[in-house]
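After this come two complexes, each holding chain A, first together with chain B and then together with chain C.
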Partner chain A sequence: MSAVVRERPADRAGREALERALAAWPAAAAQLPGARGTFVAKLREEALARFCASGFPTARDEDWKYTDLAALAARSFLRVPDDVQAATTEPLPHHALFDDLGGHRLAFVDGRHAPELSSIGPMPDGVRIESLAAALARDPAALETWLADTRGHSAMAALNTAFLADGALVIIPAGVEVAEPIHLVFLAATAATIQPRNLIIAGERSKCTVVEHYAGSAPAFTNALTQLFLAGGAETEYCKLQDEGERALHVGGLHVAQARGSRFGMHSVSVGAALARHDLTAVFDGEGCTAAIDGLYLAGGRQHVDHHTRIDHAQPRGTSREHFRGILDGRSRGVFNGRVVVHPGAQQSDAWLTSRNLLLSADAEADTKPQLEIYADDVKCAHGATVGQLDENELFYLRARGFDAAAARSLLTWAFARSALEGIRLTPLRAHLERACLGRLPQALPLAELM
Partner chain B sequence: MDTDTARIDELISREYAHGFVTDIEADSVPPGLSEDVIRLISAKKNEPPFMLEWRLDAYRHWLTMREPDWSSIGHPPIDYQDIVYYSAPKAKKEGPKSLDEVDPELLRVYEKLGVPLKEREALAGVAVDAVFDSVSVGTTFKTRLAELGIIFCSFSEAVQEHPELVRQYLGSVVPRGDNFFAALNSAVFTDGSFCYIPKGVRCPMELSTYFRINAKDSGQFERTLIIADEGAYVSYLEGCTAPMRDENQLHAAVVELVALECAHIKYSTVQNWYPGDRDGKGGIYNFVTKRGDCRGAHSHIAWTQVETGSAITWKYPSCILRGDHSVGTFHSVALTNHRQQADTGTKMIHIGRDTKSTIVSKGISAGRGSNAYRGLVKVLKTAEGARNYTQCDSLLVGDRCAAHTFPYIEVRNPTAKVEHEASTSRIGEEQLFYCRQRGLSAEDAVSMIVSGFCKEVFKELPMEFAVEAQKLLGVSLEGSVG
Partner chain C sequence: MQPILEIRGLEASVDDKPILRGIDLTVNPGEIHAIMGPNGSGKSTLAQVLAGRETFTVTAGHVRYLGADLLARAPEERARDGVFLAFQYPVEIAGVSNVYLLKAALNAARRHRGEPELDAMDFLALVRSKLKSMEMPDDLLYRSVNEGFSGGEKKRNEILQMALLEPRLAILDEADSGLDIDALQVVARGINALRAPERAMIVVTHYQRLLDYVVPDYVHVLSQGRIVRSGGKELAFELEARGYGWIDDAVPAAAGAR
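The block that comes next holds the complex of A and B.
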């Protein structure tokens, strides 16, 4: 039996982009920190081999069924040479620095640490908030255990690792609480390929709040990867805001490994970029872990936003809560794939997953798949998914009370969105996220007046 | 609990009650697949040239396809050259005209299975088109149906006597290149059932086919085609049992339903093929393509299935809701025990305005069974006001089984309302304790709880099937809880 495989134009574009990426690699790798003789060099090489084996994902890969990276593949895969940073083409979005947030800020421009935009306040002993490149140049071996953990990594994560250079490094020692938020902001200034790699290590019983924030108006391609390790009893409040330019492409991975009794709380907001893809995985490596994830995505125009999440209940007595909301307008498309895997022996796991989608226009599309895979019997698992439009009765109620049609619609839309943000404890942060969302809502003007 | 455990062990190891092989001289071709085999099948069945062309096209397309591997099931590779593609019970000169002419050996097989044709004919009022291996042996109640203009016959007969209908509808719902197994079926199918209900006719009885797999090493490739013309109604029952067997057998059937304006087709299945022994040895591979096309406005297709048998069940009875206001429903109970695997669900494709679909899926996993619901609800742009409600529940019995849900939802119309709910639970200690306290044995308690779990689906089944299904579940599950 012979298989006839025809190459689609999109695949061809992907293959050509892959060839470009490969051509760029040797030159780029030679300049990267820890280029020779360290585990980092080996890690990069292995990752490149992995990426080459799989290539750019296509619509024929089940995990990429609804998201075509053809547009991405058409871009150049050359790394930003250092001198390009000076020749910034787009103004930096200074409002994205969230000055009123307080706490610590680590800023990156086009993937490179920008000390002039960063501000690190006084910190408890042993806490490190710095550039990964600097840490790698100083003592690469200290980070090997963490960086080499490639569980859950996709082809795009391998691509990131192949070009691993800079990003944020946050280390919170055991028992330490960092009260102020740690704001990691990634600004895109040029139409570059930006591949930040972030590493966050939270020690036993430590507490911290981290904001991972992407902004900028440049048509950049961001392929970010963040690894988060929670030691026993650690508590992390995490927030990811993707607010990139309207022509940007964003692929972002967040991989969380949780040890016994750790708690991971997350709010994910995705409003920017022409195409955004988020891969989020959490693995419960110890008993009694908790993960609570609230997600919100807003898309209009021809935007495409895709969330793939996976929670592995690998150990007993874990609890996961995942609630995603999507608001889709214009000709946008929202994709959500939530996967919960309860491993053999992970008894008394408790998982709850919902995906709710609001379609505001006749041309928008929602594709959702809440997926459960269960290999243990003493579990409580539920999931739900809805796709619909605004309720006629609710609209009528508001109109009967004097709201015009546009105001009523945007008020109800906002109410739907806001409940995803309510759990954010840090008021200034919540205000920033609300503003980011409000700006993207259709007919935001009457709403702003109402509020 | 010790005596219970012993009893449970005994029940778990209970052998398949319907296992036996009947020795009938079969008229088989040697194993293997080639254009020559297809020509031979077509010639043996004395088919018109268009059928042969159709088969060959399907075969050539099949050669370009790869076996799908995306499902959550696992099995050793299938050697398609090691399958006997044609096997017919030895034909008498002209073929049997009535049951009296049927090979008494065959009739005894049905007797053992509890499907006495005559009894059914007389008592149950069910017309049975019994398929023994690949050629239909007896068809009953034909005359009564013929009075109403209903055509209910074997597929080969339909090809001979109603070639125009076959030509018009065959492959119109499941194209011959639809998927790997459908293409294989299109190339080599030997027989099946054909049913046509004319305009405005309400079929007065449940139509039923009992499929049996018998000759050793002969995969079954059935083809069923049901057409309900405008305003017609038909309820069709499909039930299966199979004798015990050591080698895995491939069963790749295709079922096509066509509902024209205001037509209503109800298709019910109770599947109890040999599931393999407790180590997963033997057992049937049930890879079936079932699809219904609601072509006309206000048409309705209802799938109801109870899947308790087969080593692997892999099928997605689907509805294409093309006509405005058409309705698709899917009710399913899938039970896996020992090492059985099931990957089943449905597809509801909403194309017409105000189309409605309901999905109720109940999966029960016991032993080392693995049960997956995989479904797609797709609302196209044209499907103004489409409505879907999906509920899929899993019940886990024992800590070594697995239950999965893969619900795909794709919505392209804002007026659509799509809801999906799923839950996973197990039979609770408290529930069992409560029942046992009131004097029920553990077995009865489990059986009762499971019956309650599946009630919504059973009430969709025709009366005689509901009874059989209850009994099947009881037998399959007894002893799996301790």
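The block that comes next holds the complex of A and C.
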């Protein structure tokens, strides 16, 4: 018996997009920073081979069950940046520069470092906050150890690496504290394919606060990849805000490697883009690490937002706290897949993973799957997931105090969202995130009284 | 004198199960009416129907508040117009600070009355004075509404809201349940401080204990959705002495209250 396997239109479009990308690759790669013959060139080639072997993820891949990138590829976003110079340029969202945040800002427009929008203040000795392209042009070998670590990387991360060119490089030397926040902002001005590559290296016992921020109204395809390396005892407060335009597509990988006793705190907020997919991994490479991750996603209309996270307790005495909240309105869809893996021998691991979803409309959908995989016996682990609507008792209580029904609903929705942001110590940053969220909620409330 | 509340033939059900089976009650300004009765007699349902809870369906009768139809109005309209329900189980609302709720509630009522909203300074001065009288610490203002409050703090918080909103009609649903004697006295003092010639209160309670401190003008006994006995404060003592057992055998009172 024989069967003719027909290629689905989405798959064909994906294959064609891929073929176009591959055809463009040699020309593109030749122009990328990091001269021929360096490890970077080799890294790109290997990544390209990996990506070619897998292609764009499709719904047939378990990790992409709900998020079909073949359809995305069909929109043929894969063009090298030079092809889009003629495309319409959207005005830059200057409010996204967060001027009141203070500290240091490294800005990128369509994936390229924009010195005119950047502002780096005085820094302690040895601290580097700069364009990755500049660093690669100067001394590519210095970054090999970090860039070559592909643990946790998906096919999309391989695609990013194949076109590795520019992004943010942050290096905090051992024992140094950078008190001011470091704001990395990526603005999309054209319908480009933007593949920022960010590298953050936190030395032993160093301290810093980093904000990774995507904004701009252009219908761009962003495929970002960020690697963080926390040396022993390092403390990093990290924040990712995805606030892109309603026609944008965002794929973002964030991979954290933690050495002994390091502490990683994160707030992840995803409110923009037609489709957003976040892959977040943290690996405890040393004993006694802590990762505390609060996530929040808001979606309405036909937005689709997908978070896949994985925390590896590879060593003993690690603590992880991961709490995600989603608010879904309209016909939107939220996907959360969180895994915590406690490896053999990772005794006294303490893990807590929750996913809570609030559905504001009958047509919105949440697919949530927190998973614990435990291969050690002396551990404390818990997980939970909820999908529900606003609480009728709370609504009635507010109405009995004079709130009209719509205001009560919007207040409770806001309260649900805000809980995910409470832990942000930096007040102006928290205010920016709150504003980004309030702007996306069904009905705006009087800000002054709430904030 | 126009009554504050006139209830006539009020029947209400939940999921087609009748709970209130014909309530008649008139409440005049300055009066405190206690509603007593065994569990399941419909006391809390009456309180919630008056506040506008949509879980219950009113199947017959009408309610006039200050001469106008009450039941046609949304819960928030009733609240802004001076009807206040102190909840038996005050709801915890994570992420909404107590001070925000208090200020928004007060300003909603003030807007409704055509009065200017209070600014932050005036509001804080006012709420701090009320807090003090309820023996509540300032930090309760900045915590989420009722979240992590003790049972006593929740009940006090209800009375605090009432003191701030100065309703025309206060309905207190089991304001004393779960309180120790000290907290009970604070709550009772808070209620008594609001007794006023223009204000009326309906105090729903299972036990007579609260009525030792908040002395009612009238006591009504609810059983199976009807007022079966009405009398003065001495009726509460009779109930305390004899329990509710004898009530079910009693003939329903002709027309409830006067």
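A few notes on this one:
Methods note: the second predicted complex is superposed on the first by the 421 of 451 C-alpha atoms of A that agree within 3 Å, B and C clash if a C-alpha of one lies under 4 Å from a C-alpha of the other, contacts with A are read in each partner's own complex, and residues count from 1 in each chain.
Convention: contacts are C-beta pairs under 8 Å (C-beta built on N, C-alpha and C of every residue); 3 or more make two chains touch, one makes a residue touch a chain.
Given the structure is predicted, the values throughout are model-derived calculations rather than measurements.
After overlaying the two complexes on the shared chain, residue contacts for A:412 are found with chain C alone; chain B is out of touch. Between chain B and chain C, more residues of chain A are touched by B.
With both structures placed on the common chain, the touch criterion links A:26 to neither chain B nor chain C. When both complexes are overlaid on chain A, the residue A:397 reaches chain C alone and has no touch with chain B.
By the touch criterion defined above, A:122 reaches neither chain B nor chain C.
For chain A in complex with chain B, the residues that touch the partner chain are 1-4, 62, 344-345, 347, 357, 359-389.
Looking at the complex, you find that chain A touches chain C at residues 391-394, 396-405, 408, 411-412, 414-419, 422, 449-450. Of all the residues in chain C, the ones that touch chain A in their complex are 51-55, 74-76, 78-80, 84-85, 87, 90-91, 93-96, 100-101, 103-105, 108-109, 112, 144, 161, 165. Against chain A, in their complex, chain B makes its touches with residues 63-66, 70, 72, 379, 381, 394, 396-426.
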